[in-house]
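Heads up, there are several structures right after this.
Two complexes are shown next, each including subunit A; its partner changes from subunit B in the first to subunit C in the second.
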Partner chain A sequence: MTSWLLRRLIQALFVVLAMTVIVFIGVNVIGDPVEILISPQADQAERARAVIALGLDRPLWEQYARFLWGALHGDLGKSFVFNEPALRLILQRMPATMELAVTAVLLSIVLGIPLGLYAGLRPNGIPGRLIMAGSIFGFSLPTFWVGLMLIMVFAVQLGWLPSTGRGQTAMMFGVPWSFLTRDGLAHMLMPATNLALGNIALVLRLTRAGVRENMHMDYVKFARAKGLTPARVLFVHVMKNILIPIVTVVGLEFGSIIAFAVVTESVFAWPGMGKLIIDSINVLDRPVIVAYLMMIVFLFIAINLIVDLLYTVLDPRVRLESRE
Partner chain B sequence: MSATVLPRREETPFRRFVAEFSSNWLAVGGLVVVVIVALLAVAAPWIAPQNPYDLAQLDIMDGRLAPGAKSADGLTFWLGTDDQGRDMLSGIIYGLRISLGVGVGSALIAGVIGSALGLAAAYFGGRIETAIMRLVDLQLSFPAILVALMILAVLGKGVLNVMLAITLVEWARYARTARGAALVERRREYIEAAECLALPRWRLLFRHLLPNCMPPLIVIGTIQIARAITLEATLSFLGLGVPITEPSLGLLIANGYQYMLSGKYWISFYPGIALLVTIVAINLVGDHLRDVLNPRLKR
Partner chain C sequence: MFIRAAATIAALTLTAATAHAQSVTMAMSAAPTSIDPHYHTFNPNETVDIHIYDRLVERDPQNNLIPGLALSWKLIDDSTWEFKLRQGVKFHDGSEFTAADVAYTLTRVPTVVNSPGSFSIYTKTVISTESPDPYTIRMKTAGLYPLLPTDLANVFIIPKTLGPNPATEDFNSGKNAAGTGAYRMVEYKSGERVELERNDGWWGPKPHWQHVTIRMIPNDGARTAALLAGDVQLIEFVPTADAARLRSDKRVTLSEIASLRLIYMWLDRSHTGDAPFITGPNGEKLGKNPLNDLRVRQALTMAINRPAIVERVMEGAAYPIGQFVGPGTWGHVPDLPPPTLDVARAKALLAEAGYPNGFRITLHGPNDRYVNDGKIIQSIGQMWSRIGVQTSVDAITWPNYVGRTNKQEFSAYLLGWGFPEATNPLRSLVYTFSPAKGWGAVNRARYSNPAFDGLVDKLMATADDAAREKLVIEATRLAMTDVALIPLHLQKNIWAMKAGLSFVPRTDEDTRVMDLRPIGG
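Take a look at the complex of A and B:
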């Protein structure tokens, strides 16, 4: 167990390192570092001074070592626009994105599993077929378009829900959260639903496939023969088996939910990391871009690692030693 | 095989394929829509009521007219106009051109590169395979939108950069599919026979191995075109895609976004519908192609 974990950690470390190289090369070799790292408002003399100050006249490997050293100390440069450390800016916006992403994951579980169970138990009924047909839309509709339609219907036409922003927030652990107030929840409902749609479809399909596969297994027949109620068979015996792939996929999809929050946050003007990165790209605030990319890479690798761990905990058939 | 094939006609693989494909009316409908959309995009200059890029034809006084309104010189705007006084119908037809061009173009380039690498990985094995597949795994562990954002953040906007970004996002899926198919095929006798004939390696790869790996690649290709169109629209909506001078559907939708809150829905709504219809139609075709071309699903 420990040696496996250690190996995974070392592997993860190498991926992070590889990504720093890619980001570094992207910003410093493909793009023009002077233009990227120095404010466009600077004049010639300022530029020359900045080139020396930033060490851009040094050999490339030395620049990379400096970049890595800074990153290790949490220093990823200062934002041109906000004149604040880029990393701090991102961390400030992170709670907003996180609460949106977590709500979306919860929504996809709360809606996806019951719908999937129903469609799996009655695959040929009309509601079951409708659920499956609807799930195709969940996959193929562009997120931003669904978001716009939600705004058009529920905010503009019906006027039920607020269209943009986070609404009223309340403090917890020194961070403002929307989910603690009624107004905040109302603001969160549409973006979270928008973000969750693809995942609802995914969870639904996985659940349905799992139910259909497991209902014909011997252990289900045996449980029935023992005289257990259908509810107990479904929710205790079958559920245990279909939850494993669902947990894996939901866990892995958490990363892409955070990535897709970029789109949803832009549509609903939700002040999270995603909105920040789009604004930063549009004004070429490169230190923030680099910081965001590094942050996301780190997040993704952490998520992959946690899902792997969870998987081995949930499924006793998967022995860590066999996963060389 | 299936009873749908008439006994009198000679059964060729192509006829069998056509008969099986047309057994699903939903997929046939999708194909019809795809063909119509493609024709619209190709023939845009001759079909569109107005050239939306020709400033001489635009009148700012016609801005934000509701669908069905008429301009001063008698042109009817069936789908309304945008803030510049452009006819939305013409804008959509021209937008389809950009969206389809970028989507199909980058999906095809990605297909060529990805399939070649996947074939090479399966055929040569060893270090080449490890290197290529590691790269594929790394690429696929990050969501498409993020990889595209990374690339555009470094390179900047523009049609070519968007195509490059989509290509870099999509090649990995082709590579994985091609490798999977080629691993199965390369153990077959005809490959052995070709090897015994001492055919040049490129010929073996591209004339013998590749054609037999085509079915899954065609299925993936169809779905990837829909994905490419969606990704382009999303990037353009975020303002990172095509420039304002060549508006794709995504950019048209983004342009109308600010007017949506004041109830002028048509500027965003109709380009969105066009986008939606295109994507859903391609997906329907792709979904059914998978059923027809996958031998494991055959009864």
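Take a look at the complex of A and C:
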């Protein structure tokens, strides 16, 4: 276990290092941030001052070396736009994205698995067919369109829910959260649903396929012959076997939701990391872009680690040590 | 697109805002980068700052200079401006506003750390200040500088009680955010919202709203939806596609005005040999840059059907123009209409210049910066093709585009810029690129005309406003006759608000909640 973990960590370190090279160079060859940030009324001297202030007068290798040195000390650079540490900007917006992503993942599990079980057990019934047909919409409709339609119907037409924004927040562990207040929850409902739709469909389809495949297996027949209740057969024996692909997918999707909540956050003016990254790309705020991508790499590494650990819990046959 | 869908649903009802009658929420289209008023020359910052801070010189909705914290200003000799200050004005922290605060502000501006766009461009002409009494301040400039009041209409005054080197972070946290403005800052959440509370001691007319929330909703569809849902009562930058529909919607009122933002095209003058993206009609090298020929430039500008672009592409949300600023702005030339479409004459001019079969050119522009920018260059591409200039169009995302325009990588390209008055474009846009002088800084095409430069030198040394305006008009005419660049149109600024409210539209794109009132209130 320890040696496996150690190996994974060393691997991760190399992935992160490779990422810094790719991202840093990639980001530094596009565009000219000074041109974007500066007032058109600025004269040549002011432009030259801004180039120096942002450290862009230095050769690329030197900029990279400074960045790496800073990164080793936990400093991922200062935002060109906000003049605040890039990491702090990202961490400030992280709770907003996190609560949205966690809610979306919870929704996809809570709705996706039961619906998938039902559709898998009664594939030919009308409700089962409806669920399957509905799931097609879930992953085929574009998120921004669904988001706007949700706003149209529930905010503009019915007036039940607020259209955009984060609403009232309450503090927990020194961080503001929306899910702790009624107003915040009302603001969260639509964006979380919007973010969850595709994943509900995905989880539902995976569950259904797993159930259909497993119900015909010998171990299910045997369990039934043994006289186990259908509930026990389904929830203990079948479930254990279908959960592995679901956990993998949910884990990966959790990462993607956090990393790419951009569309939903823009449509609902949700002040999360996604909105920060898209704004930063638009103004070429290089330190924020780099820091964000680094964060996402860390996140995916962490999620994959957790998923691997979960496998061992779900399936005792999986031994981490034996993966040499 | 969204509103088109929205409008088809008949039973739309606008839910009344549940907020307190004296509260109002408005939505901005872009997030400010700081509450520090000297951190970044960036329009969204200004929109927030005008509520919290005041300037010596303010601008009326038509962008004319009006008294702000200074009651009057005059040149007392060729290099000294004297400002008489308003008395009895208090900062939000309780300290009294005097000449010392102005001097403090002027010294603070150039010291802001890591500013991505410094306000020193407005203050650096001031060499020293002196104040004979607390309500008079004299500013010395190196030689005559007639534009100082115009420049200072951008600089917000902060109290000297902030001490040496106040940090930008402390403005964002609210600690330093003390101005003399109509509102005091309660809370700022970066990228999300600003909460403001009315300053009842303000010197200006009392604003109607006690509590103001400014929200940032950059997505166009979401901003319009927030208004229709009643979550916000005022939105800025209504997209042209939605404006047409909103106009017929009884639940909202629109308020619009011609902006100062000119959309124009550069024609490259930096290359004498082959110009980038220009070849002969069959793709062969030309060996020279056809854009250096006045007849070619004239042909290109008269081939453009400006009214058609305004009507079809801009859906009416623009005004065709043939100079730098619109009517009502200082330096406008009344009898200089936009060039009229004349395909036959354009063809004749091309033939005269030695291009009877035209040439090939690529027209570049951004596709995410100005209203309908990508569509504008497509239309112009077709119009140019009609006179035999085979035009390809290449629309590029702004972050990738703008840096390249400054390296003379394109031959014909679209840009836009808001001019507070006409001296500004003459000096920084059309004047010969001169780093030592700091002029012609955004003369991307490297246009250069000694006769024009001479006029600008002369007008910048003219103190009398009327005499200077004459020279500005003369210089503008010269630049337009010589087709230094191709002006297309001025964008319209459109605001939308809940029915029953009235708002004063401004040419400078600022959204001032002080100018939003209930009708009859």
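Going forward, the second predicted complex is superposed on the first by the 286 of 324 C-alpha atoms of A that agree within 3 Å, B and C clash if a C-alpha of one lies under 4 Å from a C-alpha of the other, contacts with A are read in each partner's own complex, and residues count from 1 in each chain.
As a working rule, a contact is a pair of C-beta atoms (placed from the backbone, for glycine too) under 8 Å apart; a residue touches a chain by one contact, two chains touch by 3 or more.
Computed from a predicted structure; not experimentally measured.
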Subunit B versus subunit C as contact partner of A:Gly26, first or second or both or neither: first
Taking the superposition on A as described, I'd like to know which of subunit B and subunit C A:Ile281 touches: first, second, both or neither. both
I'd like to know which partner A:Val156 touches here: subunit B for first, subunit C for second, both or neither. both
Comparing subunit B against subunit C, which has contacts with more of the residues in subunit A? C
So, A:Leu148: does it touch subunit B (first), subunit C (second), both, or neither? both
Just subunit B (first), just subunit C (second), both, or neither: which does A:Ser266 touch? both
Using the superposition on chain A described above, determine whether A:Asn83 touches subunit B (first), subunit C (second), both, or neither. second
Per the definitions at the top, what is the overlap between the subunit A residues touching subunit B and those touching subunit C? 30-31, 148, 151-152, 155-156, 163, 266-267, 281-282
Which part of subunit A faces subunit C closely enough to touch in the complex? 30-47, 49-50, 53-54, 78, 80-84, 89, 92-93, 148, 151-152, 155-157, 159, 162-166, 266-269, 271, 275-276, 279, 281-284
Would you mind writing out the residues of subunit B in touch with subunit A in their complex? 138, 141-143, 145-146, 149-150, 152-155, 226, 230, 233-234, 237-240, 250, 253, 257, 260-261, 263, 265, 268-269, 272, 275-276, 279-280, 283, 287
Of all residues in subunit C, which touch subunit A in the complex? 2, 5-6, 9, 11-13, 15, 31, 33-34, 39-42, 113-118, 120-121, 168-169, 189-193, 215-219, 221-222, 225-226, 228-231, 368, 398-403, 405-406, 417, 424, 428, 435, 438-439, 441-442
Sort out for me which residues of subunit A touch subunit B in the complex. 15, 18, 23, 26-27, 30-31, 136-137, 139-145, 148-149, 151-152, 155-156, 163, 255-256, 259-260, 262-263, 266-267, 277-278, 281-282, 286, 289, 293, 296, 300, 304
